[in-house]
Amino acid sequence: MAPRVTAATTEPSSEGQSTPPIHRRINPELVPGLMVLVCAIVLIAASKLMNPGAGFTQELAAVLGTSIFLVVASFGQGLTILLGGIDLSIGVVIGIAAMMISVLTDGRDATLPWAVPVTLAVGAAIGVVNGVGIALAKVPPFIMTLASGITFYGAGLGFTSGLAQEPVAPALERLMNGHWFGVPIPIFLIIAFVIAATVFQNGTSVGRKLYAIGSSPGAARVLGLPIGGLTVLAYTLSGLCAAIAGLFLAGYSSAATLDMGGPLLLPTIAAVVIGGASVMGGRGIYLGTFAGALFLSALETIITVLSLSQGLRDIIEGAIIVGALLAQGERWNWFRR
Amino acid sequence: MRIAERLRRLQISAGAAVAVLLYVLMYLVYAANESGVLSQFGITNLLNDTVVLAVAAAGLTLTVLTAEFDLSGIGVIAIANVVVATTSAGPAGWLVSLFGVLAIGAAVGLLNGWLVGVLRMQSLAVTIGTMIACEGVALLILAAPGGQVADSIANGLTGDLLGLPVAALIILGVLLLWFLLAVTRLGIALYAVGTDETAARLSGLAVRRTKLLAFVLAGMAYGLAGYMLSAQTGSGDPRASDGFLLFMYASVAIGGTSLMGGRGGVFGSVIGAGILTVMQKMLFALGAASFYTDVFSGLIMLVAILIGTLPRVMPRLRRSVA
Amino acid sequence: MATAFQELSLVPTMSVALNLFLPRPAVRFAVLVARRRLEREAKTLLAEYGITEIDPAAPVADLPLGQRQRLEIVRAMFRRPRLLLLDEPTAALSDRDWLFALIARVLAEGTSVLYISHKLDEIRRLCSRCIILRNGSKVLDRAVADMSDDEIFRNMAGRSAVERFLATPSSVRMEVPPAMRAANLIGEGVDDISFSLQPGEILGVAGLEGHGQSRLFKSLVGLQPLRSGRIEVSGTQRALRSPRAARAAGIILVPEERKSEGIFKDLTTIANISLPAIERASPGYLLSRRRERMLVRRVTAEVDLPEQYLPLGVTALSGGNQQKAVLGRALMAGARCLLLFDPTRGVDVGAKQSIYRVMRDFVEGGGAILFYSTELDELVHLCDRCLVLYRNRVVGDVHRAALTQEQILSLAAGHDPGATRTTLVKA
Amino acid sequence: MKKRGFKRLLQRLIFGAASLGAAAAMALSVPAEAAPYKVFLDLSYSGNVWQTEAANGIKALAETPPYDKEVTFKTVISGTDVQHQISDLQSMIAAGANAILFYPVSGTGLNRVIEQGCRRHVLMVAYDSSVTAPCAYNVNSLGGRYGANSAQWMVNQMGGKGELVINHGVAGTALTNLMDRQALDVFHKYPGIRIVAQFYGNWNDALSQEGISRILAAHPNIDAIWTVDGTWGSFQAVMQHRPSRLVVIAGQSNNGYRLAIGDPALQEKGLKGLSASFGPADGPYAFKVMMEILTGELKPTEHNIAYPLPWVPYDKVKLCTGLSFVNGCNVFPPGKVPPLFIDTALNGELLPELNLTAVENGTPVPGATIQKLPPVQYSDNLPGVNCEECKAPSDWLQPNRVTPIPAPK
């Protein structure tokens, strides 16, 4: 009844506590991600059943290969959500980065060594603007990133009128469409990115501080954690990841338009939340987000292959997203208990 | 002092007051730069342009007050639009379709509210799901733009009634309902739940039911917004509400409602919707170059929010000086 | 049944009157909440319970903690429940007699009261029967009159509480510069406060609710700006503009609101403790769990926190263990001067003992403590010296030898003639 | 006077807030009041190739003599929201427009505001997409029956059999619906054509590429892809996953795509492409039509005016050396434009005023002057698409450019 008493009952007794029960040994943070990953695999297997002609590995490669943009962009989204914020400018940054890389490289590989850093820097700079607005001017993240997204989209439109007039550097195209040892290069990129992102979020002191700030801003303030600085950092990384996704997308499509990132915005949010993060902040790991991104990509694949009318596709997609949340939500509570 | 107290009771925050000032300012600039703004025609047009967003934002505000996200609005508006376009013909069509869209909105709201309020799932993701599904339903009902909205709706709701634009009457009606709601137990519970869910539960409030009702009422408002949109467009288009969502959220935020819940109100959101509409008109009247309209929209939105947050910061500053 | 919770259940943005009458406030015309009527009724009701200083129209957020606690109690009582459940009702309450009189009244009206408290004298004074819980199970159920103090303490913790705490000799070191010296601090709710804190000293702060203690503590670590005044740390002047600067100077605050400012609710216990030293645990930014465990183990031993709790989420721990974790974190941060704001609030007896011991060990090791508590006996027994605040000013600086609860209370209530004069002049 | 000062104050406020000195200066240009015609362009959406090229072409024409002296031209971007476009159209009408050229977000949703405009004698012209309001002019390629003709062309190339993928456009639009009906009607006549998968690529190349990639994983043996737009992305996916065996494909006129279908090496691998879909040039063409109606040179008898459907099968691809389409050339060398560039933004015969630079930058071609249009052609009436109460030609589902191969009985 009284919170303190209930807390006392859930606490393991001080004597005779040797091995924790089995469900305590699985890191509860991993559970939603695992659940969603299982859902994704079920989806891929289901599509294999429906098309016995297709190979499982090709399906998997298609799911993975087309998920790379979401995988990369949702890491940044995840960091902002970890802080209890959100980044609605991701779609715009993707478009701007894609446009920039094709304008700057002008179809020549020789320009890449400086064009890539410049593009990434611009993406990061938009993130800095977001972060500063949120951390210093105390504008709510939802509004700050929404407004900055609209603003930068308008600026991008003003500068480029929406169309990159130069082709993308061939090296970038080869990166996205080539194979190494028979495996599409994007899959290697995904593996590298997932490792780097997981290490950053869950294996560094900075990552730990981000969790702390998202978990309890009040306590973080009392402890003297650099809240402002880390908030700016999170949004900067979000901008940076969006810019990387933009580079990849430009390479993949071998062309760029300003609006090409738009369809990715909502999926980044969905991937993070389906992966078990809380929009209140402080909870969730990148592996969960990664599983969420794969799940959404698998869902898209199976729905594409089903060849339904758009109306039915939407209904099924919406229902499956809710269903995945439902399955994952209950487990989550069970393990937390 | 009495007035301030009364405003506070009607949940008209300082943020909303600033929004009103901003609105008046923009309206004056708009009127000064374009002829015919103050004519009956100009006023009716402006109100017609505002009413859909205003009603939708009013609904959204209810869920935002309970500290939840609701992205399903554009889905409901899309369904409402195609339903009105396919069912409103016939003598009593306007009434049937009105109740129809309200019921559809309530049903979607009920689903959202059940998933979020009762099953305690995260509203952001849940409503992304229901939004996509609703858009699918709209596409199933009407695969391409078409259908016909009954003239009684199309002309009746966009014209004048007793010398007043119907859109104005609708907005006033929504505000009146809101002011009533704000002083009912449900209204109070909305704020309590949004401010501190635990305290609200310990105080004996039915948190789940409150959230459920917030979503249901929001859904009905979206239905009404879809109805109004149909009146304006005179036809059905399953994609008519594309790109509407961000404007809904912007209206709520500019109106001084905190996205963290528990602070703000519908009045502010209606003004926020008005600001967004008049801003578009003002920028047009000032002749801002097309490519940069977005730049200005974004910046004005930010400025509005910044000014809106000042009153919350000011008392703290003043208290520290005194 | 009605409950007054220890963690208050009032909605901060709503008015006092509304909070009182939640969840079903009176309505007119069937639906409209009759605010004015509620406010009138609230005023009468509060007056009935001897509260006149609270404006029923004011939002609860504007009230100090003590008044909120009173509201919480009134709200539980006025419905005349058959069973009244009071969970640590005196935790934030300075005027206990008010509560005791009310309890006597409801008892006379035939209400049963379940009273949860860690304070023995309250149990003795109010209760006829007493149940002792330890680790979630009942260990004793007997009439209070039949139990000795020793028996109660033994059953609660197997140890005795602060009255039984072995008063060790003072370890104040006078020969070195003060660990912290504050001169003429002025800020919001802080009115010309000066004090000096030597290494090895526990300096108490006493005061009735809302007399500036909270703001003083916050000002000292830069959570709240000071308009003027000087702070010296170990003899050198420091500008402590942020908790970060304070931490760099070795000054750590253990804050009042454990839930929102103390713990990081989504993190494990070990992560909660290691946070200030996380850089040391991560060479080259990469976190080494082994190193983290090693660092944390050192302090968990000091604060008596059982190691098996470390991998658990911190919210799974009891309030006492959470507070030990927060203290452990303060030690981890390399504190030389601890500012403890009511560290034993809502903490069980066993944990209290641990906290007292940590404090003692800390000052013996050369640290200094500024210690506020709502429990006067703690101040009397633990402090080398005690400052008494009244209306944001220091009205008394009482040495250990002269320190009694009565003395503190009379100063804190503004009864000291000198203090009264100064406040009158100010008014 | 007071209002003036007030306005200036607010403007300054906006300037201050914007703190984008240069951008602000560019943005608040004051229109000159000298020219006789006040003309507005209302773009629904911007940020993709198609819309940008159309807008640039129109803008370049408006600055080409003698139009540069005749019109006060202003562009507004309304976005994808119907309400927004209604509001902007109202503003334009209120601002005293003589004519409004617009890309309609909705075929039916704008009718009320269009009628408002017509009542105030504003010339309302919709380009590319269409509206059903009877008083507006529609200028587009609907009469070219892209759906039926391209489908028939593909069937002929496929010999009436094979596995087909359909990349629909944007669900819920009149255009997608119409094209689908025409195409499916043709495909369904041939039982040998098996539609193995369909998806909505949203006229977006990145989404189309992802979609085809996914489908190729499930159906590795497809023979043909029918698209309206998103063609380059669809083709890219095939090149990426199955470079040795290409497909029969019909769709948009991206430069990269045209180069590919004209490439004999790729043709040997089975690529048979048609580049035909609606070109961005229908915007500039509509602008010229609108100007001629406005100046009284043209008095159309019907409201649905046809812009001839671009039609370049793989054997008709011809490389251009200069900046414009002359002597029947219809594609630029690689590197001169990005692969997504849509070649049908240019039209050598109907729009000789425009060249590559003009549609890329929106600047007029130096020395060019507006040429008079040849007599206009009228388009099919399609109830619910470009008119309300009208009768469609009986053969509106039939191909009118390609001769069908006999369907097996």
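First chain written, first letter: the chains are A, B, C and D, and each begins at residue 1.
Everything that follows uses one rule, which is that a residue touches a chain if its C-beta (ideal position, glycine included) is under 8 Å from a C-beta of that chain, and two chains touch if they have at least 3 such contacts.
Computed from a predicted model, the values in this text were never measured in an experiment.
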Each chain counted as touching subunit C and subunit D at once: A, B
Distance from subunit C to subunit B - Cα centre to Cα centre, in angstrom: 44
Distance between chain centroids, defined by C-alpha means - subunit A, subunit D (Å): 34
Shared-contact residues (touching 2 or more other chains) in subunit C: 3, 5, 7
Residue list for subunit B, restricted to those that touch at least two other chains: 138-139, 143, 289, 291-296, 299, 302
Of all residues in subunit D, the ones touching two or more other chains: 23, 26, 46, 77, 171-172
Touching pairs among all chains present in the structure: A-B, A-C, A-D, B-C, B-D
Residues of subunit D that touch subunit B when the two form their complex: 3-4, 6-7, 10-11, 14, 17-18, 20, 23, 26-31, 43, 46, 74-77, 79-84, 86-88, 90-92, 94-95, 106-112, 170-174, 176-178, 384
Residues of subunit A touching subunit D in the complex: 47, 51, 53-55, 58-59, 61-63, 65-66, 95, 102, 107, 153, 155, 157-158, 161-168, 177, 249, 252-260, 262-263, 300-301, 304-305, 307, 309-311, 313
In the complex with subunit A, residue positions of subunit D that touch it: 23, 26, 46-49, 51-53, 55-56, 77, 168, 171-172, 195-200, 202, 204-207, 209-211, 213-221, 232-233, 236, 239-240, 256, 334-335, 337-341, 360-362
Subunit C - residues contacting subunit B, complex: 3, 5, 7-14, 18-19, 22-25, 27, 31-33, 35, 57, 188, 225
For the subunit A and subunit C complex, residues of the former touching the latter: 1-5, 7-14, 17, 20, 28, 199, 202-209, 211-212, 214-216, 218-226, 278, 282-283, 336
